[in-house]
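The following pair of complexes shares a single chain, chain A, combined with chain B in the former and chain C in the latter.
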Partner chain A sequence: MKKLVKMLTAVLLVTLIALPLFAGGKQEKQTAPASVETASKKEVQIRIMGYGGQDPAVVVRLLDEVIGEGLEKEGIKLSYEPLEGDYNAALFNALSAGTAADIFYIPVETAPGIIATGKVLPLNGLVDTSPFIDSLVEAYTFNGKIYGIAKDFNTLALHYNKDLFDKAGVAYPDENDNWDTLREKIGKLAGIGDNIYGISLPADYARFGAFAFAAGWKPFDEKGNTNLLDPKFKTAVEYYTGMVREGIAVQPSDLGQGWTGGAFATEQVGIAVEGAWILGFLRNEAPNIQYGTTFMPVGPSGERGNFLYTVAYGINTDSPNREAAVKVLEALTSEEAQQFVLEQGLAIPSRKALVDNPFLKKGTPEAEANRVVFEGSRMGFVYGYQFGKVGTDWFRPINSALATIMTGEKDIDTALKQAQSEIEALIERAK
Partner chain B sequence: MKVKSRETIAALMFLAPFLIILGIFFVYACVRAVIFSFTDYNLFNTPRWVGLANYTALFREANFLRALRNSILYSIIVTTIQTIGALIIASILNAKLKGLNLFRSAYYMPSIASSVVITLIFLWMYQRRGLFNYLATQLLRYAPIILIFLGFTLVIQTVLVLYERLRGFPAKWFDPALLVTSILLSAAGTFVVSILGLVSLREVPPVDFIWLQTKQQIPSRPEFLAMPIPLIAIMIQNIFTTIPTFMLIFLAALKDVPISYYEAASLDGATAIQKFFHITVPAVQPVLFLVVALGMIGTLQMFDQVAIFGNAVPLESVITLAYFVYNRMFPGAQLPEVGLASAAAIFLALFTLTLVVLQRTIIKSEVK
Partner chain C sequence: MDDAAALQSIQATTRYTSEEMRAWVARRRWALAGIIYTIMIAAAIVFVGPLLFSALSSLKTNPLEYPPGLNIPQLYPSNWIAAARLGRLGGGNPLLGGFKPGARIPFRITYFVPEDVSAELPEVIVPRRRPGAGLGAVMKIDYAADYAHVSPVMEAERAPSAISIDGERVRGEYITYSFTVSYPGEGPPIDRVPVDITSSPGVIYVSSTLTASRIERLGRVASYDNLAPGFFGYVFRNYVRVFKEARSVSTGKSLFFSWTLNSGLYAIARIITNLLFATMAGYALARFNFRGKTFIFMLVLFSQMVPGQVTFISNYLVIRDGIFGLTRLFGVRSLLNSLWGVIIGGAGSSAMIEASKVFIMKQFFESIPREVEEAAMIDGTTQLQRYWRVVFPMARPALGAVTILTFQGAWNDFFWPLVVLTSPEDIKTLPIGLLSFRQTYGAAGDWGLILSGAILSAIPVIIIFFVFQKYFLEGVSFGGSKK
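And then the complex of A and B:
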């Protein structure tokens, strides 16, 4: 009797451990008919993987209304598969398991890792990259190979509250402003009330970095190292955190807000440093704010600084329908597709030709903001929002240094020294 | 015999759905993780056997050592406080009071809400201008009035008790009836004093205690005992959310303690505290073992709070073993370090097991 139970348990356990093996085998069989289908040129299904959140609504419309019809005539059917939650983790899993889509998003900040998997098809010779903005193509070029075509992008700009500036009798920020004149305007604006601040600045590299670039600082040298003790970096830290210490700038969290856009919507701050994504938010959350948008100020280097935030489409090397996937990629980044994305007010298209787009010259505050964000991509020192192999952990030491300086917990030199040793350890670790 | 074996097969059949799921997602996954922990696998290469290299590499990782320290401190402190807190609240709620069900439900609320929601709310309260700092500021502002009120209460209560004793009544120092009288009288007194302008609110700058974006540690030395403030913030939040769950388990155990024990103790003149230590605690000892074991396992595996606190706190201040595993599995812009992550996961599992076994020798699951 006992023997029987033992045997049964053993058999069961062995079956259990072996089960997934069969499951794996089955899956391969499933993919096989798909390639047969390609061979017979019947109908090809191209899957696209991307972000969850608000992306599905827009992308599905793009697929259905803009590019779907033309591709359907060629026998290509499209479907969008949003990956909710941690996109990077989900994509790595899918790539490793062989279930990743034919085309997927490649966020610029994690691109080196995704490309290192060897599952991203180099597009040299397959897609013409000349119509796209050079810095965007560069962000996806590794060792001379181009791995992704940017679907759209964003840069930072100064969005200012016209009513507050009018009330204070201060001239609006404009493209002639440098750090000093901007600081003066911010100081004057902050003077009009106890709970009014000139600008909202978070302890976040994603905003601060643009100021450091304007000071002439580079995030990485040729060897891939980072120097936070560079006097240029320190100048930027002094400027950025100094305004908060002085009380003319405020961290969004001190107004109970999660980001600068939220702080701007409270109408307690004069300027928010954000990209075009703030427009949709303001349209919904603060429709009464009269705002204007202008370029980032000119820094001590005599140039402006800016980030390039972008996501590209890449093609899976394991895709059974490579040719069709290239066609879809071209359609996704075509002018008509980009026009659609632009008019949705979410991001700026990645094609050079769109600078003359009538949509950007309509003269409305939103169109003006889009134009400023678009042109920001080629003004002064513009770097991709990319951190080599370290990924987004790279800026954690900088963020916490900024925070400890802003709160007065540490002085600038001590905080930067500590951040430098931490960032060196991170880079060393990633190599 | 035949009937019995048929019964066994039937039992196994009924268990099958559960066993299959357990087998795939636990046994199989666990075996794979053990194998991976001895290889240099990165999800995209052919795994190569590297022996114990991953395990030795673990102890050279600064973040792993921090995670180990954080996890141990977190586990010991949170388990201790939440167990004691849950037992105390349970024994209070075990009393016969009016509206008890209301209190029981109210206390249980934090455990029903999802930990993500609670964490987000706490994240908001921990901000520099958040609720905690606001309350602290208010407390300091009202300090003079609060002190006057407490002083009045103390004086009036003393006078009343002494007066009663002079009259020959055996009044206790905390006699409820007298206490109510003195509280009402001193409230009136404080009101008069403040209207006359003899005391006023203090002008204090807003309390600016930084809970999140800080690298301060308490105590600042030695390094292996230092608790980063953001970790303390997570501890407070976790204690708040898990006390009610364990309170419920204790409450169930307390229901089995015969009321006659307490009555007999009362007749013998035992105080409430004596009853708690000599009746309640021994009675719930087996449950105590369960609660401590569950608490330890739960705290050692803490992950979600760290993930949600995310960029709001310096990573090394709050990193735990479970988060370390995740962080190495999906490390920014590099290939996953499956080998190292698996080794850390296996270490965490063995470590948890050891602690629970050790704990067993301290708290016996049976009363002798």
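And then the complex of A and C:
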């Protein structure tokens, strides 16, 4: 009996002693800025919710090396909360539960839905949006109100394998190429071997859409409807799937790869249509591949087409510290912060002025690719990777139509008719 | 009826000889054994196959290799020896390698040069290369390119020979080149020395001191991730990366190590509380008679049927506010993002006391004869002594089962830690950490690191399973039947 009492007391004591110890780290962090606080103003805590993965580390470095000091003077303390897994689902949960942070990421593809919750603060008059790339501001403008400042962005570009083009004796793709001349180059390149393809094209709207835009097609009309039976859309489908049917283009899955970048790294395809995210992948998986990057080809409309993939910072309407949140948002998208992120090779900045940054003019393949992707944002028909209130379900009918046409399961007209009826149903449901 | 009797009865009614019958019975017996063994082996392959395959893939430089091959250079003993030797020469560490001031790494590479190709000296460079994705891309690092010096490339050997390419016999010669990568002067120790060797078009890479990580540009470039990897750095490259590359940006500590430690602490805390509380509750339910006993027991069983998702919001709020502000006594405002929050706040199968464990203990205590305790009572023991000194030690098999099941549950627990632990990165437990790995590296197609992380995290469970197999089975039988 005595022993047991002794033991229980010991366990209790250990718990009592250990509890503050365990929390010790946290406690210190909370008290450390407090001593600064007495010297300046009252301390304000600003929370940011964003992606997991690499982003928490990037924010830590930004704070340590660029913006931390300035914010500390203002008495603002930042904490970054990564939402691992499905970001959109987690953010919608947090918004409806009232636990969302003061600042959160707004991915362009789900922006209309997030903004429709009414929890995003319009930034008109609070933040000067003129230094940012127009198409990026546009992607976050709804009914004349601006809801987000793009953190960074990406567009599509043609990345080509120089060795393969040299071997085939074909000129590299360049900015003067239109659909026909590009197709000719692709055809010649595919002729040099059985396992060599001119270009890798997935059955995916995320790549195909850029071609449809170049044909002059628009994803939504004024009423918010989608027309896949538009002749312009059909032209793009014929061009895109035709190369696969002909055997000069290949789907990445046919090379055992999950995406075009993987197919490009096998050195079996001449061209990959990807954004700047391919660079880090190539650095790891195919560090010696000799590649160049150029703009998307000019389509039948006489213009190029492109997607904007981006994420913006938005401010929570329920934030108790709006002023401080605006200051943090400005610091995160400041020129110094964006320059730092660019020069670390982490992302492409959303400010117009950075087009003249020496980093983009270094002449290395990576710098060149970054420049092309940067400038792609203002060439021709550029739309955000966005699908109205339908969300990411919207492009499913298009993807399956592309897949059935590429495999020859259905002809173009049948496939498009079916896709049109499916997409109409989706839009109807969302309204 | 045994075999002999069966034989006789069949023989009596048919015209087969006893020899034929005996052979038939023997054949049937073997066929049956064969079928059973085939089914068992097939099942084993289905269940263990993916694990083995991912273990093998995690060794490869490109785990997504398609079609997947089993010709893995990391499995050649000759490469093990070379990697260890190069690691010793580069960083004085045959296991983990590296590149330190004063290092001299001699290296040889052999090409086959067909007759009609003129071979020039290959070009050797140490590229300025950082990890392209993941946390490695965010970290500040020192580049070997800034400190390494490559000696001029020399031709070392030349031997005429012939090989067959696509069934055609091609004449030519093997040419071996040698060079040395050194680290003159002073500088920081560096983790890896990437090297690219570019030769003329048309020559064929045959071998080198260490097998190249990858052959690129249609055969022209032999690329090495690390010229001085050391044994582990070469064979278990992705595993070493898990520890070296994935570090907390703010503290520089290995994330994977912190996660393992957290998972370990969480599992141990859960085991201790479950052992203590589940035995107490089980003992009370098995031995005492009090009003409402059946009701309480039903309640315990019922709580097992409530999924954690139902209670997690209220639990979350309690943890967020520091158990109604109680933790403020210790100067802690909230238990979110702390291991204590995970341990204290869990419900259902991540709780300090689980219904299923109470059930196991109750069933076991009921199987212990009352006479044992009565004997102790005659010796003058109190109730607590009977529980702690007599019955508790006797329950060892059941305690083993509870320990194992709790450990497995805690180690793999995903949902509750995911809700409580969000930032900073180093507070997470292993399963949550692996999710963040998937996001960091999976997006960039870098699956080697994720595979190795997953396999490392599975090892403790596998070891425990093999050591305590017996208890696993007993755990099932205690729960299921009453002795």
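Heads up, the rule we're going with is that the second predicted complex is superposed on the first by the 389 of 431 C-alpha atoms of A that agree within 3 Å, B and C clash if a C-alpha of one lies under 4 Å from a C-alpha of the other, contacts with A are read in each partner's own complex, and residues count from 1 in each chain.
The working rule: contacts are C-beta pairs under 8 Å (C-beta built on N, C-alpha and C of every residue); 3 or more make two chains touch, one makes a residue touch a chain.
All values derive from a computational prediction rather than experimental measurement.
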Which superposed partner A:414 touches (first chain B, second chain C, both, neither): neither
Partner chain in contact with A:430 - chain B first, chain C second, else both or neither: first
Contacts of A:279 with chain B and chain C, given as first, second, both or neither: second
First, second, both or neither for A:290, with chain B first and chain C second: second
Partner chain in contact with A:118 - chain B first, chain C second, else both or neither: first
Chain B versus chain C as contact partner of A:387, first or second or both or neither: first
Contacts of A:400 with chain B and chain C, given as first, second, both or neither: first
First (chain B), second (chain C), both or neither touched by A:203: first
First (chain B), second (chain C), both or neither touched by A:53: second
Overlap of chain C and chain B interfaces on chain A (superposed complexes): 1, 4, 19-20, 255-256
Residues of chain C touching chain A in the complex: 62, 64, 66-67, 127, 129-135, 137-139, 194, 196, 198, 214, 216-218, 220-221, 223, 249-250, 327, 330-333, 335, 337-340, 382, 384-385, 388, 418, 422-425, 432, 435-436, 439-440, 443-446
Interfacial residue positions of chain A with respect to chain B in the complex: 1, 4-5, 8, 12-13, 15-17, 19-20, 86, 88-89, 92, 95-96, 109-114, 116-119, 203-204, 251, 253-256, 386-394, 396, 399-400, 403-404, 407, 409, 418, 422, 425, 430
Residue ranges of chain A touching chain C (in the complex, touch as defined): 1, 3-4, 19-20, 22-23, 26-27, 30, 51-54, 56-58, 60-61, 64, 79-85, 163, 167, 255-259, 261-262, 267, 277, 279-290, 344-346
Complex contacts: residues of chain B adjacent to chain A: 1, 4-5, 8-9, 12, 16, 19-20, 23-24, 27-28, 31, 43-44, 62, 124, 127-130, 208, 210, 213-216, 311, 314-316, 327, 329-336
